[in-house]
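Can you keep this structure in mind? I'll have questions shortly.
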Amino acid sequence: MYTRRIFPVTTVLKWTRRHIFLFLILATIPVILFDVIGIKWFRVPWLPLGVLGTAVAFIVSFKNNASYDRLWEARKIWGGIVNTSRSFTIMVKDYITNDFAIDNSSESELKSIKRELVHRHIAWLTALRYQMRKEKPWEKHLKNTRSNREFRSRKYLVCEDEQPISEIIKPYISQKEYDEVFAKGNQASQLLGIQSKRLKELKQKGLLDDFRHMEMTNLIVELYTLQGKSERIKNFPYPRQFATLNYIFVWIFIILLPFGIMEGFEAIGDHISRDLASHTSTTSAVHKFQEFIARHFEWFSIPFSTLLAWVFHTMETIGE
Amino acid sequence: MYTRRIFPVTTVLKWTRRHIFLFLILATIPVILFDVIGIKWFRVPWLPLGVLGTAVAFIVSFKNNASYDRLWEARKIWGGIVNTSRSFTIMVKDYITNDFAIDNSSESELKSIKRELVHRHIAWLTALRYQMRKEKPWEKHLKNTRSNREFRSRKYLVCEDEQPISEIIKPYISQKEYDEVFAKGNQASQLLGIQSKRLKELKQKGLLDDFRHMEMTNLIVELYTLQGKSERIKNFPYPRQFATLNYIFVWIFIILLPFGIMEGFEAIGDHISRDLASHTSTTSAVHKFQEFIARHFEWFSIPFSTLLAWVFHTMETIGE
Amino acid sequence: MYTRRIFPVTTVLKWTRRHIFLFLILATIPVILFDVIGIKWFRVPWLPLGVLGTAVAFIVSFKNNASYDRLWEARKIWGGIVNTSRSFTIMVKDYITNDFAIDNSSESELKSIKRELVHRHIAWLTALRYQMRKEKPWEKHLKNTRSNREFRSRKYLVCEDEQPISEIIKPYISQKEYDEVFAKGNQASQLLGIQSKRLKELKQKGLLDDFRHMEMTNLIVELYTLQGKSERIKNFPYPRQFATLNYIFVWIFIILLPFGIMEGFEAIGDHISRDLASHTSTTSAVHKFQEFIARHFEWFSIPFSTLLAWVFHTMETIGE
Amino acid sequence: MYTRRIFPVTTVLKWTRRHIFLFLILATIPVILFDVIGIKWFRVPWLPLGVLGTAVAFIVSFKNNASYDRLWEARKIWGGIVNTSRSFTIMVKDYITNDFAIDNSSESELKSIKRELVHRHIAWLTALRYQMRKEKPWEKHLKNTRSNREFRSRKYLVCEDEQPISEIIKPYISQKEYDEVFAKGNQASQLLGIQSKRLKELKQKGLLDDFRHMEMTNLIVELYTLQGKSERIKNFPYPRQFATLNYIFVWIFIILLPFGIMEGFEAIGDHISRDLASHTSTTSAVHKFQEFIARHFEWFSIPFSTLLAWVFHTMETIGE
Amino acid sequence: MYTRRIFPVTTVLKWTRRHIFLFLILATIPVILFDVIGIKWFRVPWLPLGVLGTAVAFIVSFKNNASYDRLWEARKIWGGIVNTSRSFTIMVKDYITNDFAIDNSSESELKSIKRELVHRHIAWLTALRYQMRKEKPWEKHLKNTRSNREFRSRKYLVCEDEQPISEIIKPYISQKEYDEVFAKGNQASQLLGIQSKRLKELKQKGLLDDFRHMEMTNLIVELYTLQGKSERIKNFPYPRQFATLNYIFVWIFIILLPFGIMEGFEAIGDHISRDLASHTSTTSAVHKFQEFIARHFEWFSIPFSTLLAWVFHTMETIGE
C-alpha cells in the first residue's frame, strides 16, 4: 500500500501519459477539421453534452463509491484474519497442556506440537495470500497494460509474482502434508482441514480438553468463513455489465467532448475579434498577433478538453 | 457470469440494436417535421429539459445503486451457502462415528450414511438452484424479448431451462424421499426437513453424540435461513412502483429529447450560415455544399440524440 | 404486491389524473395572464429555477432512497418472521415428545397440544398483520384521497379492511384466551406471552426437556424482537419535518415552473417569427397559421410544464 | 413526535418568520443599490453561482442523509430498549420463584421483590430519558432561539424541562438507593449496577436459579450496551467541522444570491421594454404602467431570491 | 473534540488564511493579464468548467461521506471500548471472590488483586490511546503545515505529544511487566496478554470460578477485537489513489476557475457600459466613475473566484 499523503503529481502524469497523449490527439482532430481543413459544421452543441457529462459524473461517482465499499469490506476481512490469527496463537500457547493428558508429554514434545500448529497456520496465510494475488480474467488488463508493466518492473517486486507458492509453503509443513495439499484444488481449505484433524487428535490424546477443543474448532470455522469471504470479494468483481457501460459512457463523453467544447472557445475568439476591430490602431504587430490568436482561438480548446477528458477518464479508471 | 474485463462493444451494440433503431426513428421525426414538412414550431426549449435530464440521471443512478446492493447481498448469501456446505461436509465426515454408538455399525455402513447425507445436501442445492431460476412475472420481459431470446439460444444453454429438476435430483435421493419431496410445495424446505429427521435418527442410534447433533441441527437451521434469504431476494424485486416511474421518466426524457436538442444544432447551423454569408466568394461548389449543410444542420441532431437516448435507456435497463 | 413487470401507463395516468388536471390549470394561469390579459411581466428567470429544480431532484432522490431502505428492512423483518415461523413449526413437531414425560400422554393428546401451539402462532401472525394494517395519522391521506379510494374499491379487497380481527382470530384460540387477549392492549404481545406460559407448563409436565424448552423460549424472544422491529418501522415514519419540507419544496418548484418555463418557449416563438418575417410570401394561409402559432407560442409551455410538474410531483409522492 | 401527515404550511412559516424577514432584507439591499442609488455594478454573474448552488445542495443533502441515518439508528436503539424492557419484565415475572429457594419466601414477599425490580427499571428508564434531554453545547442554539422558545412555551410542555429528575425518580427507589445514585455521576449506570447487585443477592438466596441468573445478567449487560449507544449518539453530534462549513457555505450562497439573481430579472425587464417600445400606442396609462414595471423589474427578484434563500436555509437547518 | 455549535467564522478564516491569500493571487493573475497587460485571449469558457465543477463537487461529497462514515465507525468502536471497560470493571468487582478459593485470601489481598487488574486495564487504554495518536505518513501534512502548528501551539496541548507513553503507563503496572511490555512491539496487545495470563492464575487459585473465568476471557477477546478494529481504522486511510485524484481535480478546478469566471463579469461590464453610453449626460464625475468601473469590471471577479476556490478547497480538505 502506498502510504505517503498523496502520490506526487509527476507519478500520476507518468502513469497516465499514454492516455493523455491519446486525449491530445482526440482533442486536436476537430480543431484541425475546423480550422485547417475548413469543415465548419463538424460539431455538437455544448448544453446537451453538459447534461451527459453530469450524468456520467454521477454514475462514475457511484461506481467509485461501490469500489471503495468493497475495499473497506476487504480491509475488514483481513483485519478479522489478523485478529483471529492472534487469538489462535494465544490459544495454541495457553490451551495445549498436560493438565488433562492421558500420557504426559515432555515439554519439548508440547513445544514441537505448538510450533507445528503455528507453522501450519502461517502456511494457510501464505496459501490464502497467493490465492488472492492470482490473476483473474477481469484484472488482466490492469497488469498487462504497458504503463503498469513498466511501473511495476521498476518499483515493486511483488513476491507472489517472483516465487512459486510451493517453495514458500514447503518449510512450514511436513512433506506428507505438502503432497496432500498440492494434490488437490484449494490449498488453503485443505490446510485448515488438516489443522482441524490435528486438533481432534490432540483432544483424543488429552492434550486439549473437550471444551477448549470446541473453542479452537470454532476458530477454525471462523478462519474458514474469513477465507470464504476473501474468495467472494476476489471472485466477484464489480458486475461486468455495469463496468462495461461506465466504460462506454465515459468514452462517448470523451470522444464528443472536443466537438462540443470548441463552441465556447470560438465564441470567446469572436468576442475578442469584435473588440479588436473597434480599436483605433489596427496595424501594430501586437494587434496583428492578437487578431491571429482570436481567429484561431479554437486551438486553445485542445489543452482544455484534454484536461477534462483526463479528469473523467481517470475518475473512471481509479475505481476499477 | 461473464468474467472478461468488459463486454466487447459490438456485443453491446448487437444486444441493444432494436432500441438503437427505435431511437433513430424517434430522433428523425422532429427533424423531418421541421425541415421537410416545414412545421417549425414543434419543439421544446433545452434548458428545462436539461434539468429533467439531470433529475432522471439521478434517480436512475439511485436505482442502479440499489440493484447493485441487492446483487451484492445475493452474492453474500450464496457465499454463505458455500461456506455452510463446506462446514456441513466436514462435520458429516468427522462427527458420525461409532464412538458413542449403541450397536457398532460397520465401516461401510457408516460410509453409506455419510454419502446419503451429502447426496441429500446436493439435492437441496439443486432444488434451491432451480427455484432461483424459476421465471417471475416481473422477469418475463427479460427472457422473452427477441434480442434476449436470440442471444441465449446462440450462446448460453442454461441447464435449468433444458433439464427438468426431477431428473437431476433423482439420483441423489431414494425413491421414497423423491415421491415425498415432489408431492408437496417447496422441495428445498422438505429436503432440509428430511435431513433434520435423519440426523435425529442417527443421534438416537448413538452414531452422533448429543452435543454434536445440536451443532449439526444449528447448521440445518443456518441452511434454512440462507434459503429463506435467497427466496426473499428472488421474490421481492425492486419495488414495481419505483421501477415503473423510472421507466416512464426515462421514456419521457427520451421522447422529448429530439425536440429539445434541435435548438442547439439549429443555432450552430445559423452561426455557420452567417459566417458563410460574409465570405467573398459565395458561388464555389464547396461553399454551396457548406451552405447546404448549414441550412440542414438539424439533421446532425439525429445521431447525437440517438446516442443520448441510448445512454439514458441503457443506464435504466442495466439495473433492472 | 403488484408483481407484473411495470404498471401499465394508463393505470398510472388514471391514478394521478386529478393532479395532472391541477398541473394543467397551474400551467395555464401564467400563459393566460401573459397572452390574453397582457400582463407581460409576471414571470421568473429560468436559470435560478433550474438550480432549484436540481436541488429538489436531489433531496427527493435521497428521500426515495431512504424509503426504499425502509421497505427493504421491512422485507427482511417479514422474511425473518417467515423463517422463524418455519423453525417454530418444526420444533413443535419434533421436540414435544413423551421421552422425558412424567406421565405419558396419548398420541392424540400430543397432537392436540401441537395443534394448539401452531394455531396460537397463526393467531399471533394474524394479530401482527392487523396491527401493521392499522391506519396511522400520517398514512390517512394515502387511503382517503379520492383517487385511492376509487382505485381500491374497484381492484383490491384488503381483508383487513373487510373483516374485524376478532372474527379471524377466534377460531385459532380458546374462548378464555380470546377474552384475555382482547381485554388489554397489544394482542400480539399477549399471544406470545400465553405461548411462553404454555411452553413452561409443557416443560413442567416433562413433555419438553429442559434444554429444548430453552431453545423454544429463545424462538419466542426472537418473535418478540421481530414484532418489535415491525412496530418500529410501522410507527416511525420518514421524519415529518423532512417529509414536510420535501413536500413544500416540490410544490414551490411546481408553482414557479410555469412562470419560468415560458421564457424558453417565448424565445422559440420569437425566433420563428423572425424566420417567418424574412420569407418572401407572407400572405399564404399556411404562413399566417405559422405566424399565429409563433405569436402564441407560449401556449405550448402548458403541456411541457404540466409534464415536468407531474414528473417531480410523482417522484416526491412515490417514496412516501 | 409530530405525527400528522405534514406540518401545516402556516406553522412552518411562523417557525421561520424571522429568517424570512432577514432574507427579505438581504434580497432588497442589492435592488436598492441598483435601482434607487444607481450603483449598477454591484452584482455577480449567475452561472458560477449556479454551480455553487448545486454544490451546496449536494453537501446539504449528504448532511441530511447522515442526520436521517443517525435518527434511524437512535430509533433502533430505543426500539431495542423497548424490546429489552419487555423481556426484562417477563423474566422478572417468570424466573423469580421459590422452586430452588433455600428458605421459601411468601407470595407477598416475592411480589414485593418483583415490584422493586420493575420499579428500579422504570427509574433507570427515567434517568436515561433525562440524560438524553440534557442540553449539549451544540444544541443550545436550537432551544434558545427566540422562535423556538416561543413555540415551545405555547405548544409543548416537555416534562423534562418542568420537573427535576430527582422528584420523578424518587417514588421508584428506596431512600438509601436514592442517596447512593445521586451522590455520584451517571445515575442510569448506577441504577443498573444496583439492579445487578440485587440479582446476585436473589441468586444467593435461591430465588433465582444459576442459569436464569446468568440470562438476566446478560439482559443487564444488554441494557448497559443500549445505554452506551444512546449516550454515544447523544454525545457525538454531526462533526462540528462539517456542520460549520455547511453553515458557512449556505450563508455564502444566500448572501450572494440576490446579487446574482438580478441579472435574470433585469434581462426580462429589458425584453419587455423592447417589446413595449415597438407598440403603436405608447401613451396609454396601462402602457405607462407596464413600462414602469419593466424599468423596475429588478424588484421582482426580491420575493424570488427570498424564496430560494429560504429553501436552501431550511434545507440546511432541518438536518441539524 | 470541539463541542460548541459551530466554529466561529473568524477561526475558520484564520485557519485557512494562507490558502485564501493563495487563491487571491491565483484569481488576480488572469485579471492582470487581461486588463493591465492586455492579453485578452487567456481564458476559458465557463460552461464546460461548470460541468467540471459539478463533477468535482460530486466526488468531494462522496469522499466527505466516506470520511464521515469512518468517523462514525471509529466512534462506535470507542463507544464499544467504553462499554466493555465498564463491564470489565464490574466483573472484576463482582467475580473475584473467596467463594471457590482453595486457600482463602484476605480482603486486602483481594482488593489489591482487583486494583492491579483495573490498573492494568488503564495501562492498556493508555497504550491504545498513544498508538492512535502516533503520526502516520499520510497524516504528516496535517500536523506540520504552518497553520496547524501555530494553532495547536496556541490552543491545544495534546498530552500525547507532551509526555512520553512510558512515563504515563509506569505507575499502573509493575516494573517487571513494564520491562516486558516495552521490550517488544505492540504494547497494548502485550498488556492484554498479561491480563489474560493473570486471569488464568486467578482461576487456578480458585479466586475466579471456571465459568466466570470464561466470561472474562471473552471480554479480553472482545478488547482484542476492539483494539484490532481501532488499528484497522488508524492504519487504513482513505485510499491514497482516491485522495490524490480528488486533490488534483480540486486544484485543476481552482486554477482554471479565475480564467473561466472573468467571462461573466466582463459581460456584466459590457452591459453596464452600453447602458451608460445611452445616458444623456456622459460627463459628470459619477458617470465617469461608473464608466471606469464598467470598463474594469473584471476586477470584481477576484473576490468572487477566491470565494468559490475557498469553498471547493475547504470542502475537499475537511474530509481528509
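Residue numbering begins at 1 within each chain, and the chains themselves are lettered A, B, C, D and E in the order written.
In this text, contacts are C-beta pairs under 8 Å (C-beta built on N, C-alpha and C of every residue); 3 or more make two chains touch, one makes a residue touch a chain.
What you are looking at is a predicted structure, and each value in this text was computed from that prediction instead of being measured.
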Required steps from chain C to chain E (each step between touching chains, minimum): 2
Interface composition of copies chain C and chain D: same or different, split at half: different
Where chain B and chain D are represented by their mean Cα positions, the distance between them in whole Å: 40
Separation of chain A from chain B, taking each centre as the mean of its C-alpha atoms, in whole Å: 25
Residues of chain C touching at least two other chains: 46-47, 50, 54, 58, 65, 263
Arrangement of touching chains [line / ring / star / complete / other]: ring
Of chain B, residues touching chain C in the complex: 40-41, 43-48, 50-52, 54-55, 58-59, 62, 65-66, 136-141, 189, 193, 196-197, 200, 221, 224-225, 228-229, 231-232, 236-237, 239-245, 247-249, 252, 256, 263
Chain D-facing residues of chain E, complex: 1-7, 9, 12, 46-47, 50, 53-54, 57-58, 61, 64-65, 68, 71, 75-76, 79, 82-83, 86-87, 90, 94, 260-261, 263-265, 267-269, 272, 275-276, 286, 290, 293-294, 297, 300, 304-305, 307-308, 311-312, 314-315, 318
